[in-house]
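Same chain, two partners: chain A is paired with chain B first, then with chain C.
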Partner chain A sequence: MGFFESSFFWFIEGLFACLAIIALRTWTQDKGIRMPFWKWPVVIVWVLFLAISIAYIGTSIGEGEMDAAFFGAIFAAVIASISGVVVWRLLRMR
Partner chain B sequence: METEEDRPRRELRVTRRTLIKAAGAASAVLGLSGLGLCGYQAGKDPDSYTGCEGLQGAAQSFDRKRFAVDEPHYEKVGPTRRADGRTEVIFSRVDVARSAAQMGKRIEDLDEPFRGYYEQHPEDFELDKQNSELRRKVAEDSPENRNRYILAEAWADAMGAVSPRPIGNEPPEISDFPGQMSRSPFKMKSPAATAKLIKKVSYEFGTVLIGITKLNHDWVYKYPSSRRGFAMNEPIKVPKHWEYAIVVGTPMSWDPMYANPNYGTSNDAYSKSRIVAFRLVSFIKRLGYAARPHTPGNSYDLMVPPIMVDAGLGEQGRHSIVITPELGCNFRPAVVTTNLPMSTDKPIAFGVQDFCKNCKICAEQCPSGAISKADKEVIRGYKRYRLHSSKCFNFWNSNHGSTGCRVCIAACPYTRKSNWVHKTALQVTANDPTGISDKLLAGMQKRFYPGPKPSDFYAATLGGKNASYREPPWWLKTEDFIEL
Partner chain C sequence: MAAAKDAIKNRERLLASVILVSLICGWVAGLFKHHGDIAGFLKQALPGAVRFDSSEDNIYTGLIHAQSESKKAGFVAIRSAHGYAGPVTVAVGLDANGKIVNAVIVRHTESPAFFRRVTDNGFPSRFKGKDCSDQFEIGGDVDSVTGATVSLAALAEAVRVACSDIGTDRLGLLPIVKNKLAIQFGLPEILLILLIVTGFAAYGKKLPANTYMKWVVLAASLVFIGFVLKRPISLININSLLVGYWPRWQNNVYWYLLLAAILLPVILRGKTPYCSNICPFGATQEILIKLGGSRRQLPEKCSQFFKVLQRSLAWIAVMCALVFRNPAIITYEVSATFFTIIGQKWQFVLLALVLILSLFIARPWCNCLCPVRAVSDYVRLLRRGFTR
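Presenting the complex of A and B:
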């Protein structure tokens, strides 16, 4: 079993996710952005979309499907940019 | 008012918060990069070769019970008719047309049953006659083009080199039963336990898929496609001991299959499924019951796809091949008919009929145009998509490498690697009753996973470019290993 299929990999990913969430909380406090409960799922969904898109591009490259990787990247970039602006505006809401 | 004593503490606090933010940002980047690399590994890993993830039944992983139905998807419309194995199986009739072409014979010069068949299907006669000429034109291609397939041809031959002995020409009432030295049949404890046992030993024998059904006599040829104990011009009287059909299936090796035409070979899975079926026959006979193998290639007394449907292994697709949840259509099956009492499996419906109605990728990619883009037709009393076997077989003689084509198998959206992307897509289509995901995923398939132009699959001397669906694997690239 390779590193990327191991439980250790997912443990490290979990650790990174925790650190990122703590950092996000710290950053929003410093910026004076209020984070009521409903904003967290919005951010998490957006990050999950980004994560799945990156994993899809990686998988397509691994499969040798460069067209899929290319179109997947364009599709994801467009959706992530538009939704990113929407998420940012939601975060800035009081 | 801030004092001198407070200043270092504030700076320390700011530093710690900055550190947390920096560590979090770095973690986010590393975490997302890790997912990208994890995805890359998932796409590249040989463990994602569908059907080869593991034996012992591990590869037959789809939860069929959730999708079990009482009736199979094919619709019975009016009176049914059994297929004539002498004429409706392309391999049985094609030599007659070839020799007719050589001798300048017309349809009316042929003997029955071929005259009758070709009178009803004159287009097939013209197509079937062309095969020798097509093969000759392919042979005229440049040495560079022909030599590219030396390793693929050697590999295909090797895959077909090990084969059980044919079953001989005794009638099934003799050849299917254990010899005189065997004892009378053991009394089995229960049909359910027997089915469980048969499935387990079949996995041990090397199968990837297995299903069990009662044999529907409509699937037995009216006349045989090859001898095997039957007279060619006498209707097959279905033996009483053909009560059950056990269907096994094994996949073709992933990378060569994806490089059709024609770096792949059907010999690969044909050979594996044949060996499993013969082992199973031997096992059942040792228990004192009758068993008969129906194996590739052309050693069948029956049609396999509808039996696979009955046995709950999958649904028949537009290309006429059964689509299974695990292997898509990348498999070759074999059947064992037997009187060993077993509990049977139910057919499944996991969305293939709706998907195929809209998708049509196989028909669009088919080099010969053999796969219909039209709706289902009534064929021998059942509704299904038509496959023009003469057109299909003509293309078998229009390309280099091992025999066959298999583009429809490679292009089918269900024939994909066993990784999270394609497994998720399968679950989405199987569970979406609206049909929206079918259209979305078929559209993505066409845009994201395009194949060559159908005409490019032909040999250069027939106007093509010797294209393959994807690049051949490194170990089948002749030019990297042999001085030409």
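Presenting the complex of A and C:
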């Protein structure tokens, strides 16, 4: 079993996810951004979209489907940028 | 200060004159464009023939023996019909029973990415075996192709005319009566007129009612002209007009309305509300800048550079269209790519850049690259020269 299929890899993944959430919380507190409950799912959905997009592009390249990777990257970049700006403006909302 | 302004104006006038002369030269040069030999197409359209006899009506008789004229393999007619960016010309070979042996595209001026949809779907080979008395109607006896309806309709119409001409002139069949001159005026045209009228009414003073109306028109234009009809104005339309590929107005009221909406106001009043109030891609950029929450303009130097780039690219595209008699020879617009999701890879990259930049800068496409804007600016400059 390789490293990326092992339980240890997923343990580290979980660790980084926890660190990222704590970092986001600390950062928002430093910036004075209020984080009510509804903002958390918005951020998580956006991060998940980004992760899935990167996974899709990586998998497509791995499978030799360069056209799919190219169009996936283009669509993901546009959607992630637009939704990212919207999420950022939502985060800054008081 | 006044002297400097006069110097700039004089320079602009000189440049406008040079451009006008260059465009006239390009148009004249295009008259001498040689369209190439058609012998190869005749052979492809009717492979069984070894020799072709031509006649005044441009119908070729294919003969089986080189010396004898008694045995005919069939007939070939070369006919054209107007597509999105000019004529689509086909060579259609018919056997003695009036069945299509083969149909070959002789030349076309459609956008390559769109026309590839037609050829990728097996056209014009799919016309093989059809009878010359068929109707060749898209959605009827000819399957439609999503995203290339106008190009396929032109191809089918050219094949139909070729079949009809051979059928009536050589095979003694009754002419196929098809009411093609009936004026096509339906929902798209009515919607376009409504949008133009409302867009023009909302243009001018910045009253709250005008701003509200402008947003309604932009949203409606984005939905109807952009996503439903997928027919925003493009440089190809203007090039077609300049090259002289004017489609029959009876079937193309929409085409003429759209061109009139942008060109007539510039010629008559020196400004057009189309770009700010009606353009569906402009609407996309307006929505994105609202989402982005900023309305920054480019720095002055940057803006000047892109103005020069915008106008130079537009001039090159128009010149090439005139010289090569091909309105779609250079297309770099991203609006069609956005609404149809059809285009070259670099157009998708450019589109993505424009959409992302639209979140932070006011109308980057309109201000930096849009060739239609460059053309309307040039017409405005010429108008100023004439009125002076």
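Heads up, the rule we're going with is that the second predicted complex is superposed on the first by the 94 of 94 C-alpha atoms of A that agree within 3 Å, B and C clash if a C-alpha of one lies under 4 Å from a C-alpha of the other, contacts with A are read in each partner's own complex, and residues count from 1 in each chain.
We take it that a contact is a pair of C-beta atoms (placed from the backbone, for glycine too) under 8 Å apart; a residue touches a chain by one contact, two chains touch by 3 or more.
Quick caveat, the model's predicted, so the values are computed rather than measured.
J.: Return first, second, both or neither, reflecting whether A:4 touches chain B, chain C, both chains, or no partner chain.
T.: In the superposition, A:4 touches chain B alone.
J.: Is A:78 in contact with chain B, with chain C, with both, or with neither (first, second, both, neither)?
T.: The answer is second: A:78 touches chain C but not chain B.
J.: So in the superposed three-chain picture, is A:33 touching just chain B, just chain C, both, or none of them (first/second/both/neither)?
T.: neither
J.: One more residue to check, A:91. First (chain B), second (chain C), both or neither?
T.: neither
J.: In this superposition, which partner touches a larger number of chain A residues, chain B or chain C?
T.: B
J.: Does chain B (first) or chain C (second) touch A:43, or do both, or does neither?
T.: neither
J.: Quick check on my understanding: which residues of chain A belong to both its chain B contact set and its chain C contact set?
T.: Shared contact residues on chain A (touching chain B in one complex, chain C in the other): 71.
J.: Spell out the residues on chain A that touch chain B in their complex, using ranges where they run on.
T.: 2, 4-5, 9, 12-13, 15-17, 19-24, 26-27, 30, 47, 50-51, 54-65, 67-68, 71-72
J.: Please give the residue numbers of chain C that touch chain A in the complex, ascending.
T.: Touch residues, chain C against chain A: 288, 291-293, 345, 348-349, 351-352, 355-356, 359.
J.: Which residues of chain B touch chain A once you look at their complex with the stated criterion?
T.: Those residues of chain B that touch chain A are 17, 20-25, 27-28, 30-45, 47, 417, 419-421, 447-450, 470-471.
J.: For a test of understanding, state which residues of chain A touch chain C in their complex under the given definition.
T.: Per the stated touch rule, the residues are 70-71, 74, 77-78, 81-82, 85-86, 89.
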